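Two complexes, one shared chain (chain A), two partners (chain B, chain C).
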Partner chain A sequence: MVVETKFARFDSITLDSGVALAPVEVAYETYGALNAARSNAILILHAFSGDAHAAFENAEGQEGWWDNVIGPGKAFDTDRYFVICANVLGGCRGTTGPATVNGATGRPYAMTFPVITIGDMVRLQKMLIGQLGIERLLAVSGGSMGGMQALQWAVSYPEAVAAVIPIATTSRHSAQQIAFNEVGRQAIMADTDWNSGDYYDGPKPGRGLAVARMVGHITYMSDASMREKFGRRLRGKDEFGFDFSVDFEVESYLRYRGSKFVERFDANSYLYISKAMDYFDLSAGHASLGDALGQTAARFLVLSFTSDWLYPSYQSLEIVRALRSRNRDVAYCELTSNYGHDAFLVDVREESDLVRGFLASTYAEIAA
Partner chain B sequence: MVVETKFARFDSITLDSGVALAPVEVAYETYGALNAARSNAILILHAFSGDAHAAFENAEGQEGWWDNVIGPGKAFDTDRYFVICANVLGGCRGTTGPATVNGATGRPYAMTFPVITIGDMVRLQKMLIGQLGIERLLAVSGGSMGGMQALQWAVSYPEAVAAVIPIATTSRHSAQQIAFNEVGRQAIMADTDWNSGDYYDGPKPGRGLAVARMVGHITYMSDASMREKFGRRLRGKDEFGFDFSVDFEVESYLRYRGSKFVERFDANSYLYISKAMDYFDLSAGHASLGDALGQTAARFLVLSFTSDWLYPSYQSLEIVRALRSRNRDVAYCELTSNYGHDAFLVDVREESDLVRGFLASTYAEIAA
Partner chain C sequence: MSASSWGQGPLVNGKPGRRDYAIIGEIIERGAKVLDLGCGDGELLAWLKREKRVEARGVEIDREQVQKAIARGVAVFQSDIEEALRDYPEGTFDYVILSQTLQETRAPVAVLREMLRVGKRAVVGFPNFGHWTVRLAHLWTGRSPQTKLFPYEWYNSPNIHFLTVTDFELLAREQRWKVERRYFLGRGGTVRRFPNLMAELAVYLVTK
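Our next item is the complex of A and B:
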């Protein structure tokens, strides 16, 4: 099966900042079939640098970023469920973002694009779901920033979602998480080619964006997984070079990942999306996290990973405690993995079993 | 007491790379008095961005970087001991480094400076100690990169040191530690003002160096200490700015520390010193770490801190195990602290007690 990205268009969206963005377009993909009762739809929410292409192969032969859990017989079983994934607002993979041409000026928005929030991303997703004729989702799920969106869905639209699966995520960014994002932003803005965001006619700020991505990759892995994958192995040499070319495998890996990222990601989107993550605080506007989650009506399955030091388990446990304090239906599992934050994408065996069972029981309950 | 930085000059030093560097100058300070037997000298070894000014105030009114453990009645008691601290080879605080003018060309070395190692730094320190008329040091001690030098002293010059106190350090850099250093180097080299290292007549690569330093600061603190110090507090505003100026206190802190660092540190020194740390592997040239440490003759006090995730305790325990496997005299303490890697500089009460006792008993043994 070769999947295609589709597009939905809306006249306008009003953002948390008060600004109205008009018009707005959403890139999305769907897998499987919507049933007659429209009760089997699952919305998959992507992480920071993800996109709408979550599963199967597309025309370019690229596999979806979560293909190992979405498909026939997989955790998000496309034989049973209708799975949707959309590129987030502010992104650079089809949905309106800073690289989009502003119709009023005929030039890319660049830094005139309004600052967006996780709540804004979710608001646009709700508009998409409505256009697809779906009133209530069977489930929303995602890891990292995808988990933030899943939590926001449960709070913003309690009647519109039956089950929530936030993975390797947090109810709000900590100082350390903000700090890592800020370093990435500063790396981009330090690149003279960034040119205050106005680079779409000239060279891209690729050096700064690559550095930002390298920092990211370190935080996505664990100390142990980097030791196993690279250790102190040298790259293409038996002895130190005593120069500043690549000595170690890990240096080569980081440089490669940095340069590959520049090919597919827009630096301004990096700024806007990382800002949305830093602004995210599910308890904002409520007396407490418990109060925020107390207004949800869904069942929750919260997952975290032992070696994830970027989104450590204690942040998932805060969510679980807040839900239980309001007697909400929540199950929590900490999965053993060496892969760090990347675990939710790569170490999916146990994750798959848990998700499969949770979806099946929710679906059975809805049908009953 | 106002201290002054002194300078020692040497005709030449031969480096681990095989290159001879000539001439070479060392900036150092001393505190306290050398006794008649020349048996009370302690060499303090600074970390990555440190310098020779370890204690007391200098003429500019600046307190030394480890003033809270060096001084009269303090852990490194200057009423009893003669304390020496020198800026490392490759540094930018008085000792010969990439910013030094190469006599042969009349221009700063810049990237023609030879790549140096921790072993080279220690070799130059040994020359300095010799010039000061000291054959055997009572102790060598330092944290982080200072701890690497302390370990190297014990292996390179076993007869020249009685006690070794490596703090918050490792016998070799892990893939993760190399990765963080590489990101810093890439941030500097991505700055167009870096100009392949040839910037001494023009603008300095301050933006890249600031980004490198910001990454460093995150790794020096713990998640908990950042939460306590900053949390999600906003800086000078009650609500989000919905722009890319400073929102959070932690952003302001990182930008400030980044910009301050640029005033006092040379970007090329950052490259060379971080490379020396990455090359460091105490077991290199030996069959094992045990074999390397088996040739030492000193007593060891190894210290690490619970919340230090940059130089985690397991790396100190590797050193302890290797020493014990050769029946060496070693004590190890893991100190409880929230301050992360910075703990060795700031959370010094328990550290001081342990160091004081260890030095006193070593000194008594030598005198006996």
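Our next item is the complex of A and C:
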């Protein structure tokens, strides 16, 4: 099956900052079929650099970023469920973002794009879901920043979601997480080609963006997974070059990842989306995290991974404990994996079993 | 878990699994809020949810068991029992169940107190170390008793506190807990006389 990205347009969206963004377009994909009762829809929420293409192959032959868990017979079973995934607001993969041309000026927004939040992303997703004719989602799920959106969904629209599956995520960024994001932002802004964000007519700040991505990739892996994958192996040579060219495999890998990223990602989107993650605090506007989550009505399945040091299990446990303190329906499991933060994308066997069972029981209860 | 080797299998009074489940099923009324500590793969909770429409919550430390429980649709979180109890406000549950796990906890009295804090009632089931087979095994072999009830070697037993029916009665009196109901099961079914000698399994319904 070849899938294609579709687009939905809206006249305007009012952001958390009070600014109205108009118009706004959302890139999204859907898999499977919506049932007659419109009760089998699942919204998948992508992480920082993801996009709407979550599963199957597109016309370019690219596999979706979570194809190993979405599809026929997989955890998010497209034979049973109608699965939706949309590119986030502020993104650069089809949804309105800083690279989008501002109709008022005829030029890309660049740094005139309004600051966006995780709440804004979710608000736009809610508009999309409404346009698709869905009142209540069976589930929302995502890892990392996708997990933040899933949590925000549960708090913002408690009546519109039956089950929430936040994976490898947090209710708010720690100083360490903000710090890594800031290094990425500074790498971009230190690139002279960034030009205060106004680079769409000239060379892109590729060096800065690549360095930002290299740092990111380090945080997505674990010491063990890097040791296993690269060790101290040299790249295409038996001896050190003594010339600052690529010596180690790991250097080659990071450079490759950095350069690939530049081809598909906009540096300004990096700034806006990473800032949205840093601003995210589910307890904001509430007396406590428990108060914020106490108003939710969904069932929760919270998952974390042992070797994930970017989004450590204690952050998932904070969410679980807050839900517990209000006696919400929450299941939690820390899965064993060596893959670090990437585990939710690559080490999916146990994750799939849990999601599959959790969804099946939720779906059965809704149908009953 | 000490119960794995016995009482497993056929339905008791049409209820699944271990023998104390049948009793627990009798105690708990429809729609109650229930927390099961050391819930294993969620078998009891799943059954209570289905048959009694209870609001079911479970705690289990073993990851594989947690995974099975979640997969069968029970809200279980992976945690230590003592730690899990701490998060709940007073009186959250109608019943807090501790089925054949008391003897495995590090601080049994603290756990029982916490159960009676977060729950209105505690349901406590435990294997009776005072059963005659245990006493005989100890007397004859001079070793840590190994029986059908307590099948482990001293070094690999999950049981770290051995208690008897009489021990529990004394503790309840000392702590001023009210025993609302008590059930004793032996080889031939319900035990009516000399429970400390004849009961393999005791289930207590306790309130503050």
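Here is the rule we use: the second predicted complex is superposed on the first by the 368 of 368 C-alpha atoms of A that agree within 3 Å, B and C clash if a C-alpha of one lies under 4 Å from a C-alpha of the other, contacts with A are read in each partner's own complex, and residues count from 1 in each chain.
In this text, a contact is a pair of C-beta atoms (placed from the backbone, for glycine too) under 8 Å apart; a residue touches a chain by one contact, two chains touch by 3 or more.
Being a predicted model, the structure only gives us computed values, none of them experimental.
Visitor: Determine, under the contact definition given at the top, whether A:A179 touches first (chain B), second (chain C), both, or neither.
Guide: The answer is first: A:A179 touches chain B but not chain C.
Visitor: So in the superposed three-chain picture, is A:D79 touching just chain B, just chain C, both, or none of them (first/second/both/neither)?
Guide: In the superposition, A:D79 touches no partner, neither chain B nor chain C.
Visitor: Which of the two partners, first being chain B and second being chain C, lies in contact with A:E63: first, second, both, or neither?
Guide: neither
Visitor: Would you mind checking which one, chain B or chain C, touches more residues on chain A?
Guide: B
Visitor: Touching A:A190, do we find chain B (first), chain C (second), both, or neither?
Guide: A:A190: touches chain B, not chain C.
Visitor: State whether A:E135 touches chain B only (first), chain C only (second), both chains, or neither.
Guide: The answer is neither, since A:E135 touches no partner chain.
Visitor: Under the stated touch criterion, which partner chain does A:P312 make contact with: chain B (first), chain C (second), both, or neither?
Guide: first
Visitor: Is A:E251 touching anything from chain B or chain C once the two structures are fitted on A? First, second, both or neither.
Guide: In the superposition, A:E251 touches chain B alone.
Visitor: Can you list the residues of chain A that meet both chain B and chain C?
Guide: none
Visitor: Using the touch rule from the top, collect the residues of chain A that touch chain C in their complex.
Guide: So the residues of chain A in touch with chain C come to 299, 301-302, 320-321, 324-325, 327, 329-336, 350, 353-354, 356-358, 360-362, 364-365.
Visitor: Hey, which residues of chain B end up touching chain A in the complex?
Guide: Touching chain A: residues 17, 111, 114-115, 172-176, 178-180, 182-183, 185-187, 189-192, 207-208, 210-211, 214-215, 217-218, 221, 223, 226-227, 229-232, 240, 242-244, 247-251, 254-255, 258, 271, 275, 278-279, 281, 309, 312 of chain B.
Visitor: List the residues on chain C that touch chain A in their complex, please.
Guide: Chain C reaches chain A through residues 33, 55, 57, 63, 66-67, 69-79, 84, 87-89, 92-93.
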